[in-house]
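Both of the next two complexes hold chain A, though its partner changes from chain B to chain C.
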Partner chain A sequence: MTALALKPRRVLRAPGLLAILAAILVGFALGARDFTTAANLTNIALQSSVLLLLALPMTFVVMTEGLDLSIGAVLSLASVVLAQVVVATGSVSLAVAAGLTVGAALGAVNGILIAFVRIPPFVATLGMLGIAQGLALIVSDGQSITGIPPSVDFVYEGRVLGAPLPILLMIAAYLLMHALLYRTRFGTYVIALGGNREALALAGVNWRVMLILVYALAGACAGFAGLLLTARLNAGHPTAGVGMEFDAIAAVALGGTSFEKGNGWLPGTLLGVLTIGVLHNGLNLLTIPSALQVCCIGLLVILIFLFEALRKETP
Partner chain B sequence: MSSAAAPTSRLVLAPELVRLGVRLLAVIAIGVALSLLSNAFLSPVNLLNVLRQAALLFFMASGLTLVVITAGLDLSIGATIGLAACLAGTAIKATDEPLLGVVIALAVGGGVGLLNGLMVSLLRLPSFIATYGMLWVLQGLTYTYMAGSTVYGFSPGFRLLGNGYLLGAPIPVLAMGLLLLIGTLFTQRSVWGQQIYAIGANPISARLSGVPVKRRLVLVYTLSGVTAGFAALVFLARLNSAEADVGGSLTLPAIAAVLIGGASLFGGVGTLTGTFVGALLLTLVLNGMNLLHIGANWQPLVTGVIIIVAVGLDLHGGRRRA
Partner chain C sequence: MKAPAPAAASLAPPKLELRGICKSFPGVRALDDVSLAIWPGETHMLLGENGAGKSTLIKVLFGAVAADAGEIVFKGKPVKIASPADARALGIAVIFQDFSLVPYLDIAQNIFLGRAFPGRVPGSIDRARLYREAKRVLDMIGFAIDPRESVHRLGVAQQQMVEIAKALSQDARILVMDEPTAALSDRESEQLFAVMARLKADGVAIVYISHRMAEVFRLGDRITVLRDGRRIRSLLPREASPDELVRLMVGRSVDMTYPRQFHAPGEVILDVRGLSAHTGIADINLQVRAREIVGLCGLIGSGRTEVARAIFGADPIASGQVRVFGRIHPGGPEMAVRLGVSLIPESRKAEGLALIRTVGDNLVLAGLPKLFRSGLFRPRAARAAAAAIVRKLGIAAVSLQQVVGTLSGGNQQKVVIGKWLAAEARLFIFDEPTRGIDIGAKAQIFALINELVAAGAGVLMISSEQAEIAHVCDRAYVMRERRIVGELDRASLSEENIVRLGMQQ
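What follows is the complex of A and B.
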């Protein structure tokens, strides 16, 4: 099973990605002041934690030849729901459960629309983007929800054994997802969902349920990312996640997961997330406005697809 | 593949007419319900307002309809409107030359559409990915260009485009009628229009029967950009101001109008008349929510549900596809 993660064709892409990452790192180290300080590097890892939680399950979704445009909006919704629950009841565990449930439920609806109603993934999740964004605005009445207790902030600001908690969570999330994809039967099904769905059906696997689980997983992870972001902002905000699905898709594309035939590579997504985290951080230090950063990442994504398309033309 | 997609207009029209009739009935039903629920609905001011709003939606949705007929999608419409409105707005403000603004808006829209078309046809990128990347590039450019500022206060001459009257009818509504007429003639009666249907129904057979698929695809995405540019002008003239996030919330309603109008995301099916009815229906719903004091926060939710229901019905409403 591990062999899949180390298949030569995929690993061959790593040097390219590592070279991009290294070039960006060296560029910023030379060009931006304070980039290489320990505090800043920790900061990059901290800021990447939310993105990683979205990009890992997005890799699963893309591997099934799907796409989830709704996770940014689902993150926002989970963020305001859990903020309201914690403010109303004071119970952190109840709030976290509510956030995760909302995320998983909306994700499952995505999966049902795609697997059973057969709506193309990008349209079903685009509709869900509207629904989740609308719900987030309705639940919060368009306002930030403040008064979050310190026990929630601990998720983002806390330290365990000297290490920042989000970084530990990041490592745990990656290891968990890696094991899920490469060491379990479910992971094999995910890989087969994009590669050969018919074979899966002929083998007697209920692929529709598997697809629903993949989207529910994406929703639940968005809910968890909502917890991290709420802790970081110290508030639930109904538009906090706007556009985050784009960074997640960009990280997946950067990591070498193909949008056709379901060729995915999870370690690549990790590198992609770090690249985007470094890019945002470095451009911030150079005081490039965030809108222009988004523009840069958009161009980067188009370039990756361009490269991919050209590679297909010349085998 | 469906056989009903043969691109002769008569074959397409018969079932289309039935579907159109159903949608018109829905429009009338919503209209009657709203006139009972709200006293303000039937006032001439409100009805004209509905038509003006529907016109704006139709401008965006008309080009998008062509894209959807070719089995594609354009997610960059809202961002195109944002960039076109901001560039044209600042140009008009700086030079007091409305015509320059018109040229800029249409050129920006056409240029963006051309790039989309090239990415989809020459590089064979899936349209929703190419236009999604484009969305963020355009939005980044617009936000950077405006840097948080707003342009406002245009000359009355330019503003006629948004709230002027000609022969007793609002100019945007007249423009909508004209666009509907020309567009319908183009799609139903011209060779190019029929080729667009053929590409959506089956790109391979279209290519084999001599349709220049790539050139037509570029044309379709360019037209979608140009109609977005035109929508930006009307928007600018009506609001009398522009800021960077002007187009952000416009893409979802445009897609919803096209899908309610009966165009199929799987290509080969759809008419501009249908999209016109779709735009009217969606505007009535949103206007009704306004009149019944249901907050604007509900709009993305309702639009999202409508998109999903429309595609679900398209898939399972008697025209089931393999």
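What follows is the complex of A and C.
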């Protein structure tokens, strides 16, 4: 009865990624000092938490044959809005609500532009990237917003039952999104949005509303990730999210989600996020400049794609 | 106008009646005063050539297209079917040719798409019930498969069965099937017919579109023939013969005023032997001589376009050989152009023209290598070449600077042909050259094709307009199910013969 996504044949979906992740882990374990310490491994998980919160909903978006380029900029904006509100009012819950609202609202605007105005996702979210990034700079006056109360920092540094809170949040976020995609009607519609939108319309489902919800979900997740990011930096920074959309889309692509026909795989995205986290961490330990790290991730995305394409052609 | 109910059925009132349905699209009268009556427990065969209006009629029935005039009567009461949801509420389900399945959902989720059973948690699905119900529906049609299987792993026949299960799960009482056996093997077809018999016994009304004569007589309780958007006749199978049905389907009154001169054919310039391609076409043999117009006909989906693309080199060849002007075509469109072959595709907008560019730009596009052998683009020479073609073909453009997308359909078609003239092509493959253009422009296109032939070129012409093929061509090949099933010479080339060969007997 446990028809979970982890059937044996499904694990083989991303053999290339698993092999590469294993190779990277072994490589760093041998080559980089302190890589295998418990502290460092925890660190990898911590550093991956923000990315996971972006990559999970990005998987949904990509499965609808869409793309969200604005997610990094929305993350920055949510982070500075949250910081401004908490500094001004002292209320953490109000600040978190503000961040979530900003994220969900901008995501919903993306969805409306795509579903109703019929602007291609690439263009609509590229425009939103500019708007959100500009707003983040305006809201923060281009400066870091400091004076974040310790109650916010707790989200990143705190422990519950001995486990770091961000790691617990990651696990919760993954389980929630997995259930949402594979166990609810909404999840079914996400898969159908990319697979056969016409079928969804003929089934009497308002697919436009569903598409808007997908983008709003992505925005809301970026808003929540803004909380983690602010807590981690102990400040709201207007450019902290720059380039995060690249990592998020890369994680989705690494995880074997196709950009066509709603052929996605959420566990793969988790693996993709971990691979990117491990890569950043290990290369940092080896003191490889971050610019070169970005190159490595780009190269990996292309290699995995070639590998999977080759595998499909030679059954 | 009321559908005249044949005597046998006048005992019971029809389940559903379409009365005087009209529907026009820009430039086309798709349905003109069509009436149709459907009785429970009967299979109603819908017959007609390509473009006769069958698809539009189904869409009206399913609420996907709104009729301009006419009414729909359900169990004696007039009803409005404004959306697929309305149709479903009346128990109408349609199985379209292009499936409405989601590839990466499993069978059960596809069957109940949009109607999943709610679980305890809000928004969740009662999965146990979902798979139980799916199994029940699949058992009903005798389809033994795990409902958890993902649809993208299924073959076409299995997908067809899922479509039927989906329709039945909605308690469909009126089931419309558009050429359901087109992709099925004989054995799978038999399975489908068994399911249909069971449904009929259960009182379900079936509307069945088919191009296979044997199915028409085997399955049909009633036959309606459509032609040019009009209902030609409704009759009972015992009143009809295959020849009679063919005669009803054709007999289109096309304006046959385009001039046609026949020339003594020259040497063979296209020689195709044993051609097969991964697109499904198999063992294609055909020849085209200089000064000859050869038709390639058959129903839509019979593989005509695939043959054209394989000859041109747009799709790779699996086996066989294509010789043009005595030389073996090694494949690839670039090589085809260099050998003097041109393909004028069916979808002008998608494949033949750069719509947002100017007439001048489009005309020299394919001829660039021939016009400018040095590789340097010389605007003045390009303009001169384009202007010469505009004069020669009589393209009604304000200037070479006019954007192609703003020309009429006929003039767009001329630009496509002109493009290949600039490339010095001598073998022309036309795919539906007259689709979507008016009668006047059609006559001009045929005059042009005549000129090409008179000047020594050879033409291979794909067309769904059998009357046109019969009138214009020297010879014609007829395709069915991705093979050439017959060749008609000038003497035997008639609309009836094309239709007869094109349908499976």
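In this section, the second predicted complex is superposed on the first by the 292 of 315 C-alpha atoms of A that agree within 3 Å, B and C clash if a C-alpha of one lies under 4 Å from a C-alpha of the other, contacts with A are read in each partner's own complex, and residues count from 1 in each chain.
Quick note on the criterion: contacts are C-beta pairs under 8 Å (C-beta built on N, C-alpha and C of every residue); 3 or more make two chains touch, one makes a residue touch a chain.
Keep in mind it's a predicted model, so treat the numbers as computed, not measured.
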Looking at the overlay, what does A:Ala105 touch: chain B (first), chain C (second), both, or neither?
neither
Which partner does A:Gly127 contact after superposing on A: first (chain B), second (chain C), both, neither?
first
So, A:Val205: does it touch chain B (first), chain C (second), both, or neither?
second
Figure out whether A:Leu137 sits in contact with chain B (first) or chain C (second), or with both, or with neither.
first
Check the residue A:Val294 against both partner chains and state whether it touches chain B (first), chain C (second), both, or neither.
first
Is A:Phe259 in contact with chain B, with chain C, with both, or with neither (first, second, both, neither)?
first
The answer to whether chain B or chain C touches more of chain A is B
Residues of chain C defined as touching chain A within the complex
64, 84-85, 88, 100-105, 109-110, 113-116, 118, 123-125, 127, 148, 152
Which residues of chain A touch chain B in their complex?
67, 69, 113, 117-120, 122-124, 126-135, 137-138, 141-142, 243, 246, 249, 259, 289, 291-299, 301-302, 305-306, 309-310
Which residues, counting only chain B, touch chain A once they are in their complex?
73, 75, 119, 123-126, 128-130, 132-137, 139-144, 147, 244, 252, 255, 265, 295, 297-305, 307-308, 311-312, 315-316
Enumerate the contact residues on chain A facing chain C in the complex.
3, 179, 183-186, 188, 191-192, 195-196, 198-205, 261-264
